[in-house]
Amino acid sequence: MNQGDIAWMLTATALVLLMTPALAFFYGGLVRGKNALNTMMMSFVALGFVGVLWALAGYSLALSPGGPFVGGLSHVLLRGVTLEASGAIPHLLFMAFQGTFAIITAALISGAIVERMRFSAYLVFISLWMLTVYAPVAHWVWAADGWLYNWGALDFAGGTVVHINAGVAAFVAALVLGPRKDYARQAFLPHNVPFTLLGAGLLWFGWFGFNGGSALGANTSAALAFVTTMLAPAATLVVWTLLDLVRNRKATAVGAATAIVVGLVAITPAAGHVSPISAILLGGIAAVPSYYALLFRVRTRLDDSLDVVAAHGLGGMVGALLTGVFSEKAWSGVADGLLFGNPGQLWIQTAAVLATIVYSAAVSFTLLKVIGAVMPLRALASEEALGLDVSQHGEEAYAEGDGAILVLPDRETPTAPAFASATAQGGRS
Amino acid sequence: MNQGDIAWMLTATALVLLMTPALAFFYGGLVRGKNALNTMMMSFVALGFVGVLWALAGYSLALSPGGPFVGGLSHVLLRGVTLEASGAIPHLLFMAFQGTFAIITAALISGAIVERMRFSAYLVFISLWMLTVYAPVAHWVWAADGWLYNWGALDFAGGTVVHINAGVAAFVAALVLGPRKDYARQAFLPHNVPFTLLGAGLLWFGWFGFNGGSALGANTSAALAFVTTMLAPAATLVVWTLLDLVRNRKATAVGAATAIVVGLVAITPAAGHVSPISAILLGGIAAVPSYYALLFRVRTRLDDSLDVVAAHGLGGMVGALLTGVFSEKAWSGVADGLLFGNPGQLWIQTAAVLATIVYSAAVSFTLLKVIGAVMPLRALASEEALGLDVSQHGEEAYAEGDGAILVLPDRETPTAPAFASATAQGGRS
Amino acid sequence: MNQGDIAWMLTATALVLLMTPALAFFYGGLVRGKNALNTMMMSFVALGFVGVLWALAGYSLALSPGGPFVGGLSHVLLRGVTLEASGAIPHLLFMAFQGTFAIITAALISGAIVERMRFSAYLVFISLWMLTVYAPVAHWVWAADGWLYNWGALDFAGGTVVHINAGVAAFVAALVLGPRKDYARQAFLPHNVPFTLLGAGLLWFGWFGFNGGSALGANTSAALAFVTTMLAPAATLVVWTLLDLVRNRKATAVGAATAIVVGLVAITPAAGHVSPISAILLGGIAAVPSYYALLFRVRTRLDDSLDVVAAHGLGGMVGALLTGVFSEKAWSGVADGLLFGNPGQLWIQTAAVLATIVYSAAVSFTLLKVIGAVMPLRALASEEALGLDVSQHGEEAYAEGDGAILVLPDRETPTAPAFASATAQGGRS
Amino acid sequence: MKLVVAIVRPERLNAVLEELYKADVQGLTITRVQGHGGEREQVETYRGMTVKMELSEKVRLDIGVSNHFVEPTVKAILKAAHTGSVGDGKIFVLPVEKVYRIRTGEQDEAAVTPVGVPAHG
Amino acid sequence: MKLVVAIVRPERLNAVLEELYKADVQGLTITRVQGHGGEREQVETYRGMTVKMELSEKVRLDIGVSNHFVEPTVKAILKAAHTGSVGDGKIFVLPVEKVYRIRTGEQDEAAVTPVGVPAHG
Amino acid sequence: MKLVVAIVRPERLNAVLEELYKADVQGLTITRVQGHGGEREQVETYRGMTVKMELSEKVRLDIGVSNHFVEPTVKAILKAAHTGSVGDGKIFVLPVEKVYRIRTGEQDEAAVTPVGVPAHG
């Protein structure tokens, strides 16, 4: 093993882990203030629950030798996951790097069901989803014995595994849970757009680890993936801004943040496979479908609240297909795409996309129905009106503290009139 | 020297430096809006004062050859700290990496005395504390001639030196300064929980440099420390969330942020010494004492305002002791712990913990008393009521600007009626 | 090529890219809430427009072989920019690393004209400015055939190219656009100082890539540049804080954030050329002129709103000149400065500074006049009063959503009374 | 002339605005306030600390109307702000001696009739 | 019926609420406001710029009470809000013509008596 | 005693404060409010969603004055808050029955005269 490869993969893993808090801010800024913490927590808990489950079982199901459709159990409880080399880096580090992908993929789904889903139901859902949907699909695409892998599907850093997969699950979840109270009657405005910009900035930063790290070493492939990850979103941002200016002479900040994410999603499967100039084209092209999908979505009854489908689902599909168009063996050493005389690649990409859609949709739907049979998926209408921060977490994001009466644990008197309890305390100091 | 090692240590040093601004947000979000800047500044100034003092003298006292209890003066003013290799990296870089530890350790203490300590007294305190408490203890544990080092105490990245040390100083400082006005009578609510989550996310990110960098190179030990630093807090977060849900069916966001920090603190001394599975256990176990310590603390008169003792002091002790339990030579190549047939290690760990507690408490107390004799430690009650941002820093964190009258420097007229001065300006434009 | 060098340069490039979002927060926190998004967008769009233009043409103009004053067209559209080594890293990665510098330099200018410039005019300005001002000056200083380079001017990471250049353009832009409505009559207060501190923290973090990365490899020069980048701003922060305390017994948070940036700016040209102790001196000295420049500027009619001139222009000049004073061949292996017996260097530095000032001022002025002839540079007074977020971007940074009436795209009726349209919707659900 | 001051639930605000519009009441000013009354307080927990929130978010409307407009205004609010559970809020009707429209200096009646809307009665 | 409007220091709010509770006054609405009066302004500095803050944070309470309740209410506020230094604030008593409880449509007296608390007098 | 309630544009606030100072009116309380009237609403867009903003930012001033002070106060506001375009705001003059100064317990006249400023009339 070479220290340079280890150095880069340590860095890359840290960068990808940071993406989940970044997502918490990207999403958290877009909701109303009374749901800010709930939205952010949906990302943060993934760091815990998905992270631990990945180590205990998910990694084995995804990336240990098994069949074409799912991995085996040989690495359950990290058995055999040591500091020995796996490729250029310690096996243990490879496991951790892959784990950060599972975490953020699960967290991505939350964007579709914020401001209404019960927190505990969400916890159960993403835990099971990672094991039953994410792990298998990851196996298909990235394991040496995965069927899509062997079929030659290209997915450099997770266009299908991560983004299409999460986007489809988000679509299903939004359908199953139904729209928010007053959806399409009232306008729900983002309570803190700077947070969304902060999230977008940190996501871009982290994504360099996501794509650049997928080369699994500090090599020229990493350099290519890194640079395309810088150029593609830049192009998406340019096109998106121009579309905004043309449409109503105002370049929106939420739009800019969205554009950055769309560009990052689109380049993900292509990062190490296309030339830098192709990356600029790919990023620019990818802006269009997502831009109009957002305009269309709000006319529908589908309350995919933070547009996971338009940004990740659609962006991922466009990226996966364009990978089949722009791939260049001259740059990647792997395979050519349509433009370079290999139309077949485009069909393989299409098949991979469809397979992911079908599987993810089916299992995600089943999971939600099963969980819904055991516990309510949605918060009560009254809780939704009050806000999920208070109802699900017993906190406010921005508390003033006016008229907050301290209840001393040892003298808790829920029945007694509040001011009185305050008086009691008045007595003791 | 190898570029890979240098690359990782450059990255790691930057990551640890980022932890101090991260701490500013973790702490800053937990206080009331009128004290937000003061709280954040307590972390930021450490970057300046502790950073410079470290280079001038602290590094020499901590890590130049000296006696068993403190280093010598050979590296004062960075004499002899060159680009020559020290281990796998340039000596100068090693000095900087260590400096980032001193900075954040001093800043950690501030959590116990926010919302009431005079800023200038705080400045003096942390400057002297780094020189008289941090540097010696660092020498004990990490210097080749430190007594605890030679005695075989295990502290991979600073459980005793950083966290127990800061936690004890925090305890003493909270006692000496006394509680905030109206403490235990009124509820002081966090003014911006998202900031606290941001801080927790960035702290985790930076901690990969803190623990991973403590291997001082891009080697398998760094990989192990890195991965345990990812798994342990994940487990703490899971256990903490479940405790919250069991206790009152609400998983709090402040709790999640706290859990992440507790898990990071606990794994710090063990990071490169334990197996990944042990890290998950260690992280999970560490949640329990700190969780209940928080519940207990609020019943007491100890206004350790942001619970530095429960999170860092207690978390650090649990981590230091469990290091003596879970250490595994098979993974670290260093030493086994209780579980692997070496009970002696646990006693050494215990001794190291106690020594740190006694020394840190004694000297921190003395320092505060001495400083308190020279200048007031606390802001006036009226300043506390007005808020420390305005009274200590002459600023508001979130100014509206309503009725703010510009005073032109060249015509400053503090006596003249305010509106009049405004009128005067009205005249000139 | 060595993986260690690649690993560090990948990291460094990501770090520098993060500086632009960081700048968005540093600047965004300093303006009024009604202009927060506009200010942040001025940084974010640079990531798109400048980023893409850099790849298409800027890089070639700046760093392909050409004449002494500007590069050629050989690398236009990234022709010949491959994964082959250029120095220790892939040529493509070098291009990307340099691109992140162009992006932030353009964004820096915005600080001088926030809260009043029309967004589209700004877009055009920074796009052209990068091509006509930044690229040539970068060629002078960093290209093998650049006249200042061959003349021996020292600029390790961009004191002249980035900071003086942006500072001068900012000065010109502030003059051409004129002051904000009510400037010097009313006080404009920062709406969110924590954002400014966040920006400062992230800028420092990113700056390690900016200066450390300018060694273009993970070598001892990188280590030196890295450590001086840690020590100099620390010293600036100390001196600035003391100046604040002496002046009116209050250490301001905005001041601390400013000090960090000033220190970073000042060390930029010197980072790899001076000893660590010199870095501390340089950082401390650099605090003074900028500190008093800020006090002076507010007495003038120059509405350089966020003091780009004082922080970057002046800070950059001080740094560039002190580089000629403190440079030490013993550390850098390049050249000595005044203090080490080479007074000539100081003159070269002075010439480089003056050349940059003259060229940047002249072309920036011309650009603004030309653009101003084609489209209005300033927002209307009414738009300025309403705030540029709503008038330029059609958004609010912190929307409450009270009385926000959803307009369904398919039934847009701008004329119809607002409540009625709401009623209409009331009908359909 | 009267000033109708109403305290309502935030989530009912849009409905109230609609209803007022139907009643031809256009001029109004709203303020975000917090109220205490008979509602059950909510409990929150921050680390070890449990707090009871005495105050719940409300919105206050101030509506200046001419006398014969008081009744429709009050009716509209009573209708739209009502949910039936404790915490719906109150309406206060205060006497007003004089009203001025700053833009024109118009007084009373004339002052509260928004531009472009025919004065009533 | 009267509306008692009080401007008090934020740091005295909890004390005022306690005192009002003791006086059996439960229904009230508060608003965060800023006040100007005889207080010394505070000076702030942002970079080179020095500013005088004319306005200081206050809290406004609006309490609708039946006539015989005015006195105890005012007394309670005067007692709890008092610190003795400039800036303690003011109390205004305004006449009210009508009060409605939105939940029930009850009027006046009945309207201001929070649920579960026996009407007084 | 009267309570003068004025709704003005935020950007005119400083001018209004100056003018009031010149008129020897020092005691006042301000509140950030949102208003609806005859103004053209602004349109905003968030992702696909277009919204009309019914409410525009305003500032509310509450000024308690003795009777002979009402006119100068109103005049001052009318003068300083005026821009001439729709949205300038309103002034309401309400009767007040009693005023107390919390610090001293002084009432009426005496209560509204800020410390250090000679009582007028």
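Here the chain labels run A, B, C, D, E and F in written order, and each chain numbers its own residues starting at 1.
The rule is simple: a contact is a pair of C-beta atoms (placed from the backbone, for glycine too) under 8 Å apart; a residue touches a chain by one contact, two chains touch by 3 or more.
Keep in mind that what you see is a predicted model, and the values were worked out from it rather than measured.
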For chain A and chain F, chains touching each: B, C, D, E
C-E compared against B-E, more contacting pairs: B-E
Candidate from A-F, C-F or C-D with the same interface as A-E, over half of contact pairs in common: C-D
Interchain centroid distance [CA atoms averaged], chain B/chain C, Å: 31
Between chain F and chain D, distance of the C-alpha-averaged centres to the nearest whole Å: 18
Separation of chain B from chain D, taking each centre as the mean of its C-alpha atoms, in whole Å: 49
Residue list for chain E, restricted to those that touch at least two other chains: 14, 17, 30-31, 34, 36, 44-46, 48-49, 51, 54-55, 94-95
Contacts with 2+ other chains: residues of chain B: 2-5, 7-8, 11, 186-187, 189-190, 192, 198, 218, 248, 250, 252, 254, 295, 298-299, 394-396, 399-400, 402-406, 409, 418-419, 426
Chain contact graph, described as a line, ring, star, complete graph or other shape: complete
Of chain F, residues touching chain E in the complex: 3, 17, 26-31, 62, 64, 94-103, 105, 111-112, 114-117
Residue numbers on chain D that touch chain B, as the complex places them: 44-49, 51
In the complex with chain D, residue positions of chain C that touch it: 400, 402-403, 405, 417-420, 422-423, 426
In the complex, chain A residues that touch chain C: 2-5, 7-8, 11, 15, 32, 184-194, 197-198, 200-202, 204-205, 208-209, 212, 217-220, 222-224, 226-227, 230-231, 233-238, 241, 245, 248, 250-254, 256-257, 259-260, 276-277, 280, 295, 298-299, 331
Touching residues on chain C, where the partner in the complex is chain F: 186, 385-386, 390, 394-396, 399, 402-407, 409, 412, 414, 418-419, 421
